[in-house]
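Chains here go by letter, A, B, C, D, E, F, G and H, matching the order in which they are written, and residues are numbered from 1 within each.
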């Protein structure tokens, strides 16, 4: 395969297609619109299903229906639109049907703006709707990762029959970078639980309704055990220069990527700084983080929000080391220099006090 | 038993195969049960049971997906048309049905209904209009009649404050995507027969891919209306029918052909 | 005698609708028993059922199976047309 | 090596494509590359811009507070970005449309790009004139890399314009050599 | 005032009325429907605004509009309906208008059932929509508290110009208990920022749109500083027998109330067990909890979910002491005896090992 | 300046007071600007500026609340009718206006529109129909014409797959709560004059409390249609008008009285 | 002291009000009190029930897995709850409608409540007959407390029924004394 | 000469609509300047303006103020009716 210069939104769309997505339902919203627009012609070209829904609510419920047929299906949106999908997401998760949802996060709360942000971390990782469950959440930091994690998203969705959210931000959606697309995969066959007409078999029924507390609790336990499997097997993260680091920086997606530049610069200045960049936000790579927490003096969390993954980091390190936070909000993307300043100050304070 | 079923007697009316054998939770005399039976009979008649997917609503018919002997699912409140769209787009040769109450379809779900209708999604909606929110205990629905006492309009529905009854068939018949939009009633035997015919026609329209089809059924809620089942039928006749006239609101040319064929 | 019916006593919810529509007035509600779910079911209480199936058509709980003598039965159920 | 480029002008002036072409050329030359546009309503009726970075190591941020090079195509872009170029940087501006009324702290290269493009028969070639002018005085990549990138990446429906584009590249390079070598 | 036997849903409605709520917009959903039904006649009687909205989305956006006029306004729902309000809540919070929202939680995820649950803890405390903010969240455990916290909700909403969520569950909504209602309060006057027509003054404008990153970040900082004030001044909790406790039990709302019975029973058996019951879920009473964490040997968190407040507890105690969890899901309410068993087992293990 | 304004000359056309003095972000030639001006003129004429509350949509008119010199707010996408309902219910004697695009009103927001209309909420909706999603860069809206190329229907709108244009006036005129529902166009001077009159009438209808009023304005999006402003006006005339005929779709008796008064 | 009561029967049999009346009486007597119904679709067509607790300390759970006392008004409730009463508890059942075909491990009190109510002229008085029968054999509160509670809390539109209700209470108490004192 | 107009040069976005509708053809677009936002504004370029206000009615950016001689002005603006 050759490398192409690809826009994040387009790359995700094409990756989904190569992963065998059979239907896309979506509603325009900046900064993910190009993904929808790409699907509009590409899916039609391939004779697959593309439909611009009347709203994000309709889109997620179309996804719900389409997913019930056993097909690989997808929708994408950005923060306000993602908020509108909460009820539908909760239904999907409760019904054990796989679905992939892209949240190309933008500045919030409210209408906010269309600039890159990570303000939906809580919403994507904690529940995405009412009731007890957590979606699998993947956080790409580059166009290539957007492709790779989109492919992974479909596999995980099918494997666990669970909702997978690709949580990126406007910068990743809008940016072009060289990247390599995987080969086209064949469409997956419909699984036995799919709704396709009860021909020669007992009816299949998909629902999230459990009138009685006992059956509802059993359904919840099923979800929880699925989640603990996911916690056990699916934690993923990348590291840079953590071997001898005194200060560990952590951040995901765009913030994590920019933090890498800052960490590299800090290393050039001789500071023993390392980076852990989670690829999965749920399951949060707590195992790896707690291993690293044993080694470093302190940890700095960088996010494009007011401090959300911060909770997961603090939970993972469990008070072992001081954890500090640096965040920009409302669509401001921190610059490498800015992070370098923050890192070196903190380094002097906590890791190598004079 | 006053009469024995002698060997010479033949069954002329039996439980349709498309109905599951389970007990339903509907209240005594609730015509949801009749609507279910008619749908099942229609599917049986057309031999569609094994290729049908039913989308149940949130409302008293929330268990509908269990009450039919076929593939089914349970939509979020009001979103059955979106869910059905998702299914039908993936499986265009299957029969897809939504079954929705008036709160579900006309209140929270009106956007999804209108857009599915405007797109001409070729599935069939059975719209059970009992002019009230049955499941949640009898609140006003958009279909409640002027002056109707409900638990959220304790003084009777004041249309100046709470709005005017929303006439769904009339509202959507003008949309180009609709092929077959009719209203029937379940308040007496003759009406039930006509309702059945309409459901059969709607399914044929769907099979022909002629567009969106909807059969509205005027139905009872004895429990929340505070009436006996028999009085509830009379209430439909005396109060609902004048407001919601039965009739064919849209039969497109393609639908006509499909019905004939 | 041209027809008869069988009422599933356990399914019946005692709504009385069948008794009200039967043109032959041969149906009535039980007064002596309740079924397992607490309802007094309908019963065929007199001779004269014609197998017209009107009761079955109105029954919301699909409790009623209708039988007819072959001559009439061949005309097919009136329900289904 | 890391170099960063801001392209800015009105919508329709070929801002985005100029940036993309540089990115393509950089990619083909083996660099890490990022291209990112301004997007959404920001563009509405105002100026559009994009930001390109070429680097020999992984690029953290695809946008920087101050670009090393700014290519400005119109007056409003000039007003906005002339003062923002990083120290040691370069400002290239379309002198056909821009009255240079500031004195930026970085060297400037004034290219009558619109006029030149007009001369070549198509005002839309302005962006190519500017781009090759830039690479001529700041040879991150040879101008020939742009030609190759054009050949490789020009979308099918624009293929017919290839020759004209290549001509415009040559013209831009010539202008730049002239302007740069003969001090004003 | 005299004590009356009041149903939770009705009590909340009447408390809101006495707090001067001028408009109620809502959509029926079990188990909060009686609240809507109560408002239907009571508000009409008082000549205030009651409107049954066409959906929860309409309801929350009607609340948004009504709140912009400077009136005290309210809506109520239960889990799936609350999910549908996420976008609207985020807009309201971003616009600095006060609003009170009741979430009478039920078994989830998906349609679930109508039984009592605490499965929305994350959704109510973490963001309630996209972007960075947290609603103030109050958690009553009895009908009397439902009344008191409803009154408080309106005061806090006005004081901070913020969203306040009363997070209860079906049991509190459905239960009758003796309780005392406060006297009727006069309606509040419209604040200067309210939209009521720009007569003789410059226009007032309310929005959550900040096109530019700088202004958006400033708006976010404003929200964050409001939140830190709230964190500083509004943490509330109740305690029982914590003075000499070795094991601290904590739970809120119904779970906390039932835990109290269990703790009392444990005390009767001579076990040194105490209870902390948060009244505010945001701000979480972390100060008090961390003080107590210094004193006790271990902490048990009890919730009617899979472990959500658990995170806040772990964050507050910061690894000082072991924290364990006991939860029931899907509408199951734990029984006092059941909790007593859990408590005494844990007590033997961690607090007073033989 | 070729002509001097001599002291004997009087201004006959000035910027309306209800328009704020700020620059708008609309593209050159976009008729959103005309719609804004007409609303401002109508409010000035009726002396309503100081008692009006404007609800802006999400769409290109997202800043409308800043472009008028009066109290205003900014609704979530599609929810302006709900927000306006909240305001109007609290302040029944104020004038409440929503200003919505076709994506906002007819797609995501159709439920809120229909229910506000069915309830007869006495506020006024200015519905700017440019047959496209302007702000997000030109995707299909429910109003896009058959065959119209948009960024989400690159091959032209195929009504069989994407649905048929949704005719909002026609859809809601039948609702009992609506008092005044008309369609006008902004494609030439004569039409603009008529549009202005309709807005004035709608506001009078609102003042009379006669019910829900809506003025649909056929509008341009030169940017996303890929046309010059002048060609865009022609496109409205040639392509939109035949599909969306201007006219009075509903003028209730009460509205007639209000308009006359 | 803590005592818990389950009331169960068809909708329309006065299950909820009987429970509430006990709760009112308990409240007036100074007890902590909770009352909680079954709610929602559970009720649809089936049996309805409510749970009442009286206690002299704060009540944790308003529902318990096994009530100390069950008052069952119809056969399905009997089937469901007869076996669930806590040890040391009591089962009171409406023998007019219930065929006692189990042998619960707790003492039972059979009251022909519907028949008695009929005798008093209104079958709806059945619930009062049952309630006073209960308090007669398990005197958590005196039957007179119920009378007082009725007087204080009967909603205005039902005031006219006060005398009949009080009569029913008396009848229930009499039946209970009889049944309880004369071992079966 | 019965009227004139003033065009707010900074507000004008150069859409040309006024120039196309002016019945007197007295408007044209600037070719020599751009305003601060980069647009070539419209200008009154010839004599003959009647103050009919047609240009102002079509102008999407409310750039045009129209003046008339008192006699005609008293007839009131044609815009507002």
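Rule of thumb we're sticking to: contacts are C-beta pairs under 8 Å (C-beta built on N, C-alpha and C of every residue); 3 or more make two chains touch, one makes a residue touch a chain.
Since we're looking at a predicted model, the values are computed, not measured.
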| item | value |
| --- | --- |
| Label of the chain whose CA centroid is most distant from the centroid of chain E | H |
| Reference chain B; chain at largest CA-centroid distance | D |
| Length of the line joining the C-alpha centres of chain B and chain C, rounded to whole Å | 24 |
| Rounded Å distance, chain D centre to chain F centre (Cα mean) | 41 |
| Residues of chain C touching at least two other chains | 13, 37 |
| In chain D, residues with contacts to at least two other chains | 40-41, 45-46 |
| In chain E, residues with contacts to at least two other chains | 30, 51, 54-55, 57, 80, 87, 91, 95, 110-111, 207-209, 211, 333 |
| Contact footprint of chain B on chain A as seen in their complex | 22-23, 25, 49, 51, 53-55, 57-59, 61-69, 71, 73, 87-88, 91, 95, 195-200, 203-209 |
| Residue numbers on chain F that touch chain H, as the complex places them | 1-5, 8-16, 19, 23-24, 26-34, 36-37, 41, 45, 188-189, 192-193, 196-197, 222, 228-230, 233 |
| Residue ranges of chain G touching chain C (in the complex, touch as defined) | 10, 45-47, 74-76 |
| Contact set on chain B toward chain F in their complex | 107-111, 114-115, 118-120, 142, 159-167, 170-171, 174-177 |
| Chain F residues touching chain A - in the complex, by the definition given at the top | 58, 62, 74, 76-78, 103, 107-108, 110, 133, 135-137, 139-140, 142, 151-155, 161-162 |
